[in-house]
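Order of writing sets the labels: A, B, C and D. Residues in every chain begin at 1.
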Amino acid sequence: MSRKIRVGIVGASGYAGVELVKLLSKHSGAELACVTSRSLAGTKVADNMPGLRHLLNPELEFVNSDPAKCAEMSDIDVWFLALPHGAAAEYARAIIEAGGKVIDLSADFRLHSLDIYRQYYNEEHKAPDLLEMGKYTIPELFPLNGDEKLIACAGCYPTSIQIPLTPLLREGIIDGERIVIDSYSGVSGAGKKASLDYAFCERNESAKAYGLIKHRHLSEIEEELSIAAGKTVVVQFNPHLAPMTRGIYTTITLPAKFEGVEKVYDVWNGYYAQKPFVNVLESGIYPDTLHVCGTNRCDISAAYDPRTKNLVICSVIDNLVKGASGQAVQIMNLIFGLGETSGLL
Amino acid sequence: MSRKIRVGIVGASGYAGVELVKLLSKHSGAELACVTSRSLAGTKVADNMPGLRHLLNPELEFVNSDPAKCAEMSDIDVWFLALPHGAAAEYARAIIEAGGKVIDLSADFRLHSLDIYRQYYNEEHKAPDLLEMGKYTIPELFPLNGDEKLIACAGCYPTSIQIPLTPLLREGIIDGERIVIDSYSGVSGAGKKASLDYAFCERNESAKAYGLIKHRHLSEIEEELSIAAGKTVVVQFNPHLAPMTRGIYTTITLPAKFEGVEKVYDVWNGYYAQKPFVNVLESGIYPDTLHVCGTNRCDISAAYDPRTKNLVICSVIDNLVKGASGQAVQIMNLIFGLGETSGLL
Amino acid sequence: MSRKIRVGIVGASGYAGVELVKLLSKHSGAELACVTSRSLAGTKVADNMPGLRHLLNPELEFVNSDPAKCAEMSDIDVWFLALPHGAAAEYARAIIEAGGKVIDLSADFRLHSLDIYRQYYNEEHKAPDLLEMGKYTIPELFPLNGDEKLIACAGCYPTSIQIPLTPLLREGIIDGERIVIDSYSGVSGAGKKASLDYAFCERNESAKAYGLIKHRHLSEIEEELSIAAGKTVVVQFNPHLAPMTRGIYTTITLPAKFEGVEKVYDVWNGYYAQKPFVNVLESGIYPDTLHVCGTNRCDISAAYDPRTKNLVICSVIDNLVKGASGQAVQIMNLIFGLGETSGLL
Amino acid sequence: MSRKIRVGIVGASGYAGVELVKLLSKHSGAELACVTSRSLAGTKVADNMPGLRHLLNPELEFVNSDPAKCAEMSDIDVWFLALPHGAAAEYARAIIEAGGKVIDLSADFRLHSLDIYRQYYNEEHKAPDLLEMGKYTIPELFPLNGDEKLIACAGCYPTSIQIPLTPLLREGIIDGERIVIDSYSGVSGAGKKASLDYAFCERNESAKAYGLIKHRHLSEIEEELSIAAGKTVVVQFNPHLAPMTRGIYTTITLPAKFEGVEKVYDVWNGYYAQKPFVNVLESGIYPDTLHVCGTNRCDISAAYDPRTKNLVICSVIDNLVKGASGQAVQIMNLIFGLGETSGLL
């Protein structure tokens, strides 16, 4: 490549934002051109991210940049939005209207239905006219052609769920009925917040369900699984917190359509054998969050239970990498024609 | 009570054994009369259990006592067996034949079928003639009359599962079909072992499934749920390890027979309102392992999902207390007519 | 005892306050008569402290009680103040003027010098006239006679430091020169705060010094060690945070006055052989915070290094028990003539 | 560089070995040519190191290679020895006699005195004639000229101690008298062992001193500090374990020769301002193990205490990276003329 991609990050002080700064500052094909943070504006990035000091331009400062100002920076090739939902939509609109490209890590462009957005996020969508332009992406499942303007990166739980399930639904190997999904997330999934709920002494030695019945990610999970199945899929999604910083463990139980796991593995191998970031483990070997921690990988395996005639599928990712920033960088690599694994191994 | 119960503990060096020593040494109605451990025989108990030094008779020593020797100690009112399966059966036989009482924490007398024992434990039962005498016990669900000779304490996962499910099955509030159980256990559930699998660096920051499809506790879970339901119940049981020392989190998804949670709570309140160690949390409040850590309590709650028409039930215990040693002491209290909560609050 | 001590707790929602509620609700000689918390006023204590539900009077509510109101409750035998410094002084004044007794867990009455208070706490003392009445207490070192009105419980770090050092200074076994103290505390030592600094993801996997050179506890440590030595003692105190909920590990290096540890152990045994909550471990056995977690114990040991001619002394406590609430209950036991270990084993 | 360095790793299954495999498999200038492990011989490396699957040649197998066999592989440019002391010496001899180069992570060639080796390691040295050839290395302090045959990588604790102290001793800014070093290490420092001492449930929530008075690393620390000072330096070294996987926190207290920290920082800046892996933090900012976790960095800072006239110096490293494998790769980079940071950012 003749020159480095110039990237901007909006909202660089949260956990996903820091991970983006880290990945992009190591990336040989990208250059951090603008990094925004309201709370840290005017301070040096290197001073606030001590773990990244030697990777960063020592002069790079956080700026407080509203949507309009970002839109004006026409020399930025792509913007990553690591913002809460709602806030992301406003930046996306300004940047796209000015001809820029956006890779959005928030939930703002993940859903296809404004109605579902309203139901799950309890507010009106800030840029409903852009919803259709938003390209929902897990690169292994939703190929990119390079001319995308607005990418909606899949959520962390949804990534861990769709990587194993979507191929099986698309190929009709499973039915989409009576799917039960139990997930445990590391505490970083809750974001970088000064909240007693996420205090060390409250989460250490604690496993706990939360958001049962109607977690926000459920909307995205069901929309996408329904598309994959070609019919409405309704699932039980039980999210929990585990006492660890990173990682998502997803265990999915569903009625098997066929005996054994052979057809499951055939489909998975067809989808993933050539994919660098999905690891199909043999049946009987269970994934471990520790093994994917700090990587952009998703490890999956399946077992068939002859007694219950269920499939049990396990899947792990690092919620901040494959579940957020790593996947976003993988998407940038693909859109700009860099190697898919560039900066991610 | 005129005199203290004299108790013996066989296998006092594992995590459940240590917890028994701890609970019984604090118990105002009991006296530790004999504590066995092959590996520690000849050493002072107080020297090996630094956390318990001031609770213990400083002269009390671990002894290496085979079944026959234990059986001879006729002044011991009750023996707790904290041994691996197989080993427990031999002690139980000797003690019972000599007229003693046994509270067994192992799996040896939990099952009703020798065949199932063989299938799940891969060996012949060591005392098949005693199987029928073994009284399977979770005190809130299986009342004691005080003349029991051989108690089989329920396993840790099974306790966390039966406390919420058994009343619902008995009363016909749920059907027993298509039950999916996901459980996460603290690492102490694996026992006190010099094994790389349970090394700090392998388990820290790691969530991981293990023993899917045919975990040993499944045999006990299904036997007991079937009895409660009056018909064969087959469940999907997905056990995992979480990076914490203690605690079990069990999340159960199953088809609801009725809309809402009212009937569930009515039955639970009927069973548990007067029970000191079961805490029925209101729907929407989820249990937390940290809240029961170090206690003999089981906290449960249920939610109804109108979209899936499923019930989602959550349950937590401390695997070493309500899941093992605390429950065993609760049983002793009830058999000997001490207060149920004696030594357990 | 003919009747239970009626106790009040002011500030019952922090970690030390919750530990007090826990200890006192289990205590056979005490009765929780009043529990205050501004943030939780009007709610049931049992609903906010799920781990304590079965120990508590289900009707007991948090109240919002200012100093005057507390002072009016003349049927309360003793008040525990689990408040920040400054706030405690105002409650203490009101209660004492009304004839009540106070056991204060804050720093307000620990120091003997108003000047030092000002220097280390950056504000004027709120009740300077009461400073002299305040009885600084670690019960093993500062005997109580029962007529105390205002007890200043020693701080957590200071307790872990004085238990090993004070007897040696008093008996002239060490000199008080060039003492270096490195301490690591569990995160609960920072209090129950919604602060990013104490968020799970910031403290997990993190060891970190903080407050070097002039930690607030240094004022108390030096005042008391100086009294013990009969001359000014100046120490280096290096506090750190370790990724655990509870526990303080204190390692003290100082020049030995005598070769070997014999004289050290002689003095320690003289002070502590009969004390239930201090455990003198033999030289070469090092204390472990895990062993004292949840107990009111302090474990200590010493080694002599013939190469450096230094003593190295290690000491551990649970910061919330022996370092705060357990010690406060021990003090109550002694003042009211209950057994020293009552409610603490 | 025209071709990749061909590297061999002996002992690739321990934590340092795995870290070497990880770093070298990502390294653009190196190629993993041979990886030995007795316990895993015959299995695929990728199957045993699930976190590294996509970085590795899928055909690469662990081999069981004795010293003679390694020596015969003349196409290997450099061997990393990640072996216990004693074992490393035999491989080093064979490889060096055959004309190969060795970067040894063990303690075998760190000491200059056979006598000290005997005292601290309780056995005779296996290759005393090679001791002199061994070049003790922390690259920032002991420059390499590229023709080294046998490198002795500094130990983990010694690296965290010498980086701050050695420049100050060499430049006479401190005296070398009465140095007190308290260090806390993550549990991976104890190696990958199936030992109850390092079991999750024994180390979780536990801080604990070990190896006081005469830890093996003390020999190396004192030898090297003495060389730096030009006179015998004797230190107090107090190592502990903290409940975390990685990281060393070292806190050093010593009498200041000058008031303030200015001279300290002048010397440090002279040594380290241009060094990519040493980060001099300003006085008052304390290092945090979490910030260097997974990096090859050492962060240091110093404070002066006007009351005690001591310097307090803090230093952090990741024990498996800058304390072991990362430093070894940095050394390879320098010897072979690759960029110092190659594969390490």
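By definition in this document, a contact is a pair of C-beta atoms (placed from the backbone, for glycine too) under 8 Å apart; a residue touches a chain by one contact, two chains touch by 3 or more.
This one's a predicted model, so the numbers in the text were calculated from it and none came from an experiment.
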Check: Degrees of rotation, nearest 5, to put the Cα trace of subunit B on subunit C?
Finding: 180
Check: Among the chain pairs B-C, B-D or A-B, which one reproduces the interface of C-D, with more than half of its contact pairs identical by residue number?
Finding: A-B
Next item on the list: Starting from the mean Cα coordinates of subunit A and subunit D, work out the distance between those two points in Å.
Entry: 36
Notebook entry, point to check: What is the distance in Å between the mean C-alpha positions of subunit A and subunit C?
Noted result: 46
Checklist line | Cα-centroid distance, subunit A relative to subunit B, in whole angstrom | finding: 40
Next item on the list: Find every residue in subunit B that makes contact with two or more other chains and list them.
Entry: 202, 204-205, 243-245, 288, 290, 293
Next item on the list: State the interface residues of subunit C toward subunit A in the complex, per the touch definition above.
Entry: 15, 187-188, 192-196, 198-205, 243-245
Margin query: Going by the contact rule set out above, which residues of subunit B touch subunit C in the complex?
Written below: 26, 50-51, 53-55, 205, 276-277, 279, 281, 288, 290-295, 297, 299, 341, 345
Item checked: Complex contact set, residues of subunit A against subunit B -> 178, 180, 182, 184, 186, 202, 204-210, 212-213, 234-236, 238, 240, 242-247, 249, 251, 253, 286-290, 293, 303, 305, 307-308, 310, 312, 314, 316
